[in-house]
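Sharing a structure below in structure tokens format, with a few things to ask.
Chain naming follows the written order as A, B and C, and within any one chain the residues start at number 1.
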Amino acid sequence: MKLADIIQLLTFAVVPAFIISCFKYSKLSLPLKQITYYIFLSIITEMVVLIFSRNHWENLSLLHFYTLAEFFILYRFFFLSLKGFIPSRIIHVIAICFIALSSLNSIFLQKLDQYNSNARGVCAFLVILGTLALFYRIISEMKVLILAKYPIFWINAGLLTYFSSSFFLFIMSNYILHLNNTLNVYIWMVHSILNVILYTMISIGLWMHNSNN
Amino acid sequence: MSENNIIKIAIAEDQRLFRACLIPILNDFEHLRVILEASNGRELLQKMETTTEAPDVIIMDLSMPEMDGLETTQQVKARFPNAKIIILSVHSEERHIVKMVGMGINGYLVKNSELEEVRLAIESVHSKGFYFNDAILKAIQTGMRRQKQKNFVIETSLTGREKEILQLICQELTTQEIAERLFISVRTVDGHRNNLLEKTGSRNTAGLVLYAIKNSLIEFEV
Amino acid sequence: MDAQQQQLEVYGFLFAGTLVMFLLAGCVLAFFILYQKRLFNQQLKMREMEVIFQESLLHGNIESVEEERKRIATDLHDEIGSIFSTLRLKLGQLNQTQQPEILNIIRGSDELIDAGIKSVRRISHNIIPPGLEMFGLVDTLEAICENLSIAEILDANLQCETPIDRFDAKIELGLFRVVQELTNNTLKHAQATQININLKQDQAGLHLMYNDNGNGFDPGILNSPQGLGLKNIEARINLLKGSIVWDTKPGHGLKTNIIIPVSSST
């Protein structure tokens, strides 16, 4: 079984998260709903990528749009979670700047046939900042009793793990794109595993949600 | 009955002022002598243990520090059964008077009684074994009526003669006078009295009066 | 070779960097979890301590109030009461000998003194019932019920399901105050026609059940300023290490169950 096949299999890790999201959708709080949108985005993107690759269409361009969508959803998530803690204006400004710069990057700097490593890197960096801010908020407000039962904890932990571990990969994704195919498979395999970890933690987080929280 | 002998009195009272005033007043009477004073129940018992002359009548307050009137009465009845007890108190709660009589006191006076009444009470208690003035009797009657649910005295059947004697006792006749009235000997009267005490479960004459009131054998019109 | 070495360096850097970031994230999480737990426990402990502090303040308050009451009642009785009683006695010595005007004055003075004695008694009685220490809680509660029934204010009943021992003075006084407060509340607010008090003693302790058929109230007011009197009752029960349960709602009267753990004093 080729590694590429394993990678493809691992993409199914999103399914449990998807099922739980559907189940709990109506009862979720607003920030958590954004995470379900993230899952929906992921699953749709995976399916589209599958279709493209079966048809041997170029699917790298999808990534540029995916980056924007992914950033937008996470921006909504952090905005809702950090409301009251960080002035909303700052978050809005950062978001607008990123969207603008990422779009410019896709048009002028790293066109649609390349990895938009700049955008992905900055996105990862911003998400990391967001998770750290959110953790800080949880600690300083001290409203949480049992962390293990707090959905935001799991989701935040998942986001932090995924985006920080993938940071270097995102930055260098363009550089290694045509460098060494074998090693590339390995590195993207690592990325898939990180993805699985992300989806697992999101699943746990959403699962932990009940109306009391 | 005339008092040839001197009645020996003990006083247990925590209000020093009152005590200091009462004792010389009582001593003024020829046939009364205060042989013992104490400021609370414990002191009274201690002094009664060590004294050579036992008091005939004890005048005791209800509320005293260290040992109050209730506990002191119990102790005195246990250790010095011959002593008669008169409670002299500011309070006149009906239920408390009834309880104290049930404990075996012989008389109850309120503190603002006339001096004459105090003297009368001491003499009565010494010769006849009880003293309750009209007001106290009324209080006892009311108190007992309210406590009708709690019968601490078993209904017994008294013989006709016993009932007669009980009536006369309540009318404050002395044993001699009862004997004369009924044309029987003093010893017989005493015998009936003891039977009455046993049958009614009373500790003393005062208890008999209580029993009589409770069972409506006599009515004190006040 | 050079290119390949460069490649390896690049990928090596990539893998290492990824691993490092992964571990970093792990450390952040670990620190976060530990720190949060510690902070939370600290806060919990502080809140606990504050509750204990408030409680001890309240208890100290109750105890000092009762001490003061006892002092006042005792002083009233011992000092002023005794002066009146003695005055009466002394005046009594005068009675026999005098002319009519003087006799009148004496009689007038007697009446005043009697009024004084009564007054001291009434005031002292209102502060602490005189028979409580001597005759006990049951007797005093019976007296409360009797007084209410006689004055035809309402029908009050006391019932003892089991024999009740005498207890420590603090317990009896505390429970008396609670019943006093409950009856006052019933009289002031409930517009009830009946009060029932039920006493029972078993291994769990002394059970006191108080209920009236009045207006009842919303148990929610316990958390509002209006519930201060009720909170006081709870504080007294708390001081005796007991528990109290309120069972009431508007229009349904009041029922409370109080349990005090006891071992009899004698």
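Everything that follows uses one rule, which is that a contact is a pair of C-beta atoms (placed from the backbone, for glycine too) under 8 Å apart; a residue touches a chain by one contact, two chains touch by 3 or more.
Just so you know, these numbers come straight off a predicted model, no measurement behind them.
S.K.: Taking the touch definition from the header, please name the shape of the chain graph: line, ring, star, complete or other.
M.R.: Topology of touching chains reads as a line.
S.K.: Return the chain whose centre of C-alpha atoms lies at maximal distance from the corresponding centre of chain A.
M.R.: Farthest chain from chain A, going by C-alpha centroids: B.
S.K.: If you average the C-alpha positions per chain, which one ends up nearest the average over all of them?
M.R.: Smallest centre-to-centre distance to the global C-alpha mean: chain C.
S.K.: Distance between chain A and chain C based on Cα centroids, please, to the nearest Å.
M.R.: Their C-alpha centroids are separated by 59 Å.
S.K.: How many angstrom lie between the centres of chain B and chain C, each centre taken as the mean Cα position?
M.R.: 40
S.K.: I'd like the Å distance between the centres of chain A and chain B, where a centre is the mean of that chain's Cα atoms.
M.R.: So the centroids are 98 Å from each other.
S.K.: On chain C, where are the residues touching two or more other chains?
M.R.: Residues: none.
S.K.: Along chain B, where are the residues that touch chain C in the complex?
M.R.: It is residues 14-18, 21-22, 25, 62-63, 68-71, 90-91, 93, 95-96, 99, 111-112, 114-115, 146 of chain B that touch chain C.
S.K.: Would you tell me which residues of chain A are touching chain C in their complex?
M.R.: My answer: residues 132, 135, 138-139, 142, 144-145, 147, 157, 160-161, 164-169, 172, 175-176, 179-180, 183, 187, 190, 194.
S.K.: What does chain C use to touch chain B in their complex?
M.R.: Its residues touching chain B are 77-78, 81-86, 88-90, 92-93, 95, 113-114, 117, 120-121, 130-131, 133-135, 139, 142-143, 146.
S.K.: Any idea which chain C residues touch chain A in the complex?
M.R.: Counting only chain C, the residues touching chain A are 7, 10-11, 13-15, 17-19, 21-22, 24-26, 28-29, 32-33, 35-37, 39-40, 43.
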